[in-house]
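Each of the next two complexes has chain A plus one other chain: chain B in the first, chain C in the second.
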Partner chain A sequence: MKKLLSVLPLFGVVIGIHLLTSATDTMYYLTQMTMSAYYSLLIIGLCVLMGYAGQISLGHAGFFAIGGYLSAALTTNSLTSYQESTLVRMLDSMGMLLSGNNLYGEAFLVVTPWAACIIAVLTAALIAVIIGIPVLKLKGHYLAMATLGFGIIIYRVTLALEYFGEADGISEVPPFVLLPGLSVSGDFSARVQNYYIAWILLLLGMVLLLNLIDSRVGRALRGIHGSDEAAEAMGVNTSRFKLQTFVLSAVFAAIAGVFLTHYNGGIGPSEAGVMKSVRYVAIVAVGGMANLWGALLMGIVLNFLSMRGVFGSYDDAVFGLILILIMLFAPNGILSINIRYRLKQLFGRGQDEEEGGQR
Partner chain B sequence: MTTELFIQYLMAGITYGSIYAIVAIGFNIIYNTTGIINFAQGEFVMFGGMIAISLLQYMPLPLAIALSVAITMLLGALIEICFIRWLKSPSVLRMIIITIGVSIISREVAVHIWGESIRSLPYFVGNEISSIPVFGARISPQVLWVVAASGLMVISLGIFFKTTSVGREMRACASNRKAATLCGINTQNMVTLSFVLSAGIGALAGCVMSPITYSQYDMGTGLAIKGFTVAILGGLGSSGGAVAAGLLLGIIEAFSVSVVPLAFQDAISIAILLIILFVRPQGLFGSKEAAGLSEV
Partner chain C sequence: MALLEVYKLNKRFGGLLAVNDVSFQVNPGQIKAVIGPNGAGKTTLFNMISGTFPATSGSVVFQDWDLKGKKPFQVAERGMARTFQNIKMFSGMTALENVMVGRHVQSSAGFFSSMFRMPWTWKEERAIRDKAMEFLALLEIEEFANTDASSLAFGQQRAVELARALALEPQLLLLDEPAAGLNIYETAEVGRLITKIRDLGITVLLVEHDMSLVMDISDEIVVLCFGEKIAEDSPQNIQQDPEVIKIYLGED
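Moving on to the complex of A and B:
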């Protein structure tokens, strides 16, 4: 409950941004704010995995893509030719299918967005378990390479399968009707509504994670980060906690993928690319690894700037540079730089400069 | 499968395999002296090819290649001096992220210099259609260049590490850095040297492979993953293992084309990587002991 209160001021900021943009007639910013919120949902999940459990993942764009692609393919690709198969009939009898005629009058039969969302997220969780059990036994470089490899496999699969639209991706994904009158779509009139959907989802995720890291699980995770062996010796089931966190972060990524895909009305292979995974890691690192608020703030700011096109064609380069600079000079994140201490050093005792900071 | 086709696939496998082996040896050289896996290893190969292609406008081919290798070596040294040298006992996670950052920056620099177009060096001898008959199959003379250059690099590296005093100092640094420092070896310079060497062989590989596989700004990541697969497969740190594992992976990949679609070729070698990591992290030829040492 206390955590719920701690995100309330942030919700005030969310409303404030809405009012500010509507007052200054810059409502188009809300579109990028919505997308940033979904990316940040993935990033806070990754933050718990990397910062608290200490396990690097260079494959989280893969989980994002599993969520997004499955949801898009299920709700867009028509099942009319498989109408007679048992699986399709079973789905139909469970009320999970939607039929009708498209703009050109052709009959279509697709999975409803709710069902598709659940299938997509469960699949991502299942894959996370299957991948996680062997992968999380690895450490250091091995873990990084293995997760990177997983990400590349997902990328290759999205590029190679016709079901996922190959290089074109999937477009014309229908809106995701959450409740009657409330739907996730890129429709112009639904902009404000979607802005709030995204942010409420993000804040709920934040509350969940804040509670998690302050619980027994959170303490166990920090123990694992400090030393695997020591935590194990203290009776912490390290492999189970690592796996749970991995799956949880994969679920966050998949949910972000599902929602953003419906919001954008499509998804392409670049969402599964290695560069995306690296970007997420970069943002977690900038936020300070074990700092959920930092990850949230940096996730919003950097994604927003990137999507506004502030970095131009140097977009990837900027993230690479951020990654290097942060890791070289402030491995505990940009928020950890003690500005007052630095200033004092600069103006007070100039000679001691060399000893300060992270060197 | 006919004999000709078999040999054709085999030669393709050996060609790619020797390139993977060279990239893997590049990983090993740096890993041995620093314990770091340099995620930017593939970018050295890219730079080697790209710089040589640009230089070719102003000078003959052998000179362009030599100069390109020298420039890439300089880049390797610069990277080490700027990003690695002055860090005091950094964590593995930090090193991984820094080298990934270096690889992204290198790729971005490359795309802003050379654009996204696919380029290649001309064939060293003959052209695209000239071929040499081998047991009824026809192979490009460039294949022989690749294999010969790779073989030469492996042998000369071996001689360098065994017989020269600098090579011996590097090996001392690899087996125990503290002890090497105590013996008066400047270990920091050895680390820089390992980056220079590894950049150099990467660049040379990038030049000889360019006519066959082409060069593009983003070729590094794929090569790095495969090189790493080979390095792990052969046992991290072992050059002989890298050669054997490189040829093995190259041949498996080449023959896999006849079974699964080309689009999944990369996925296959990555799947091999994952399986090896899970089942036998010390590699096919590595000892249990080596695996224990390499676990960070």
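Moving on to the complex of A and C:
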């Protein structure tokens, strides 16, 4: 309940931004605000994994892509030629298929967005389990390398498979009708509606994660971050908790992928790119690692600026630079910055290593 | 009946036999100490008992339950808690939160019920907090409940670590050099706390360097030297034992 109240003022800000843009005739900002909200959903999930459970992942763009690509392919690629297969019939009998004729009068048969969303998210969770069991036995750099490898594999798969549209990606993804009259789509008239869908989803995710952090599970996770060995000695099944957190963050990433893909009406291989994963990690680091509010704030601000084209063609370079600067000057996040002290520490003669790079 | 039975335990690291055929028992309600010079294999022995790593051969039986192949968290669930030689605080958490982690095995909320704040978890959460406060009070550090644990003084961190281990409500408490890094006053204080813990009915097994502490509080002492047990007796007798004196004072 308390967590719900702490998020309410933010919802006020969300409404405020809407009113402000409508008053100043800059409603087009809402599009980027919507997209930022979806990316931030991934980022707060990653924040719990990195900042609280202390496990790095350089492969979260992969989970985002699994969610986005699967829901795009399932709702867009027609199954008409497989109509007679048992699997397709089974899906049909469960009411998970949608048939009709497209603009050119060709018959199509696709999976409904709701079913596709569930399949996509469950697949991401399953892959997270399969990847997580061996990979989470690794620590530090090794874990980073292994998850990076996973991210690269997903990227290459999206480029290689015809089913996923190869280098072109998938376009003309239909809207995701959540409820009658409420759908996730990039349709101009649905801009305001989608702005609120995205933000309510994000704030809901935020409440759930804030609850998690301040609970028996959250304390165990922070304990793992503090000392793996001591947490285990307290009876915490550390490998299971790490895996569950990994899966949870993968599910957040996949849901973000599903929604953003329907909103954009398509997805391309760049969403699975390694630089995307690096960007997410950078944003969590800027936010202060073990700081959900910081991750949320930075997720919104940096994604918004990036999508407004503020960083121009140096976009990826800017995020790389941000990562370097944060590691040098504010390993505990931008909200805890103390530049003068830090400069002295880095360039001065005094060897004071008390705070440096311990996280 | 023995609470813990260590039988012919061996640990080999490459060519080194760190623990060699060590057997002893810990009976309920006693304070038992393992002493020995540096490199005697005390910490290795401890790590095998707590399940941190497996023995090369031999067995550890805790409450009629063979520890073979068990993970540390399973050993903890079964009622054995431990502290560490170089204190392992959960940094970034308050003293109270540290002790609350100690209630882990006594509670059950999982990911789903925590995220959705299921009504039954409210009661559990309150119980965790109250119990944790009780253990802080028991170790006389409740005034530091909301202080960041890693910013406390060393002696206070020891107490928090003890409270955290006690919060498991263990049958057996393993203490790995509880007086390491403490001055004589703090050592005496820790000794008093350990006796207090024993009087609560919790069996204590400790590894310690500090002779004065061990002689003051232990009911029985095991002496290790180069991985082998060379004596096991009451403190009075150990002090008289010629072989123990030889190890500690050296041959002339």
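Miscellaneous remarks
Just so it is clear, the second predicted complex is superposed on the first by the 337 of 359 C-alpha atoms of A that agree within 3 Å, B and C clash if a C-alpha of one lies under 4 Å from a C-alpha of the other, contacts with A are read in each partner's own complex, and residues count from 1 in each chain.
In the analysis below, contacts are C-beta pairs under 8 Å (C-beta built on N, C-alpha and C of every residue); 3 or more make two chains touch, one makes a residue touch a chain.
Here the structure is a predicted model, which means the values were calculated and not measured.
Partners chain B and chain C, brought together by superposition on chain A, fit side by side with no clash. In the superposed model, A:L212 lies in contact with chain C only, and not with chain B. In the superposed model, A:A317 lies in contact with chain B only, and not with chain C.
By the touch criterion defined above, A:L248 lies against chain C but remains apart from chain B after alignment on the C-alpha atoms of chain A. In the superposition on chain A, A:G226 contacts chain C only, with no contact to chain B.
In the superposed model, B is the one of chain B and chain C that contacts more residues of chain A. Within the superposed three-chain model, A:A290 lies in touch with chain C and out of touch with chain B [touch as defined at top]. Here the apex is the CA centre of chain A, and the angle it makes with the centres of chain B and chain C after alignment on chain A is 80°, in steps of 10. Contact with chain C, but none with chain B, is seen for A:V236 once the two complexes are overlaid on the shared chain. The superposed three-chain arrangement places the nearest Cα atoms of chain B and chain C 10 Å from each other. Within chain A, no residue touches chain B in one complex and chain C in the other.
Contacts from chain A toward chain C in the complex involve residues 1, 3, 208-209, 211-212, 215-220, 222-223, 225-227, 229-238, 244, 248, 290. On chain B, the positions that touch chain A within their shared complex are 37, 39, 83, 86-88, 90-94, 96-98, 100-105, 107-109, 112, 221-222, 225, 228, 232, 261, 263-264, 266-267, 270-271, 273-274, 277-278, 281, 295-296. Residues 54, 56, 58, 134-135, 137-142, 144-146, 148-150, 152-153, 156-157, 159-160, 274-275, 278, 281-282, 285, 313-314, 316-317, 319-321, 323-324, 327-328, 331, 359 of chain A touch chain B in their complex. Residues 50, 52, 71-73, 76-77, 81-82, 84, 88-93, 97-98, 100-105, 107-111, 114-117, 121, 124-125, 128, 164-165, 168 of chain C are the ones that touch chain A when the two sit in their complex.
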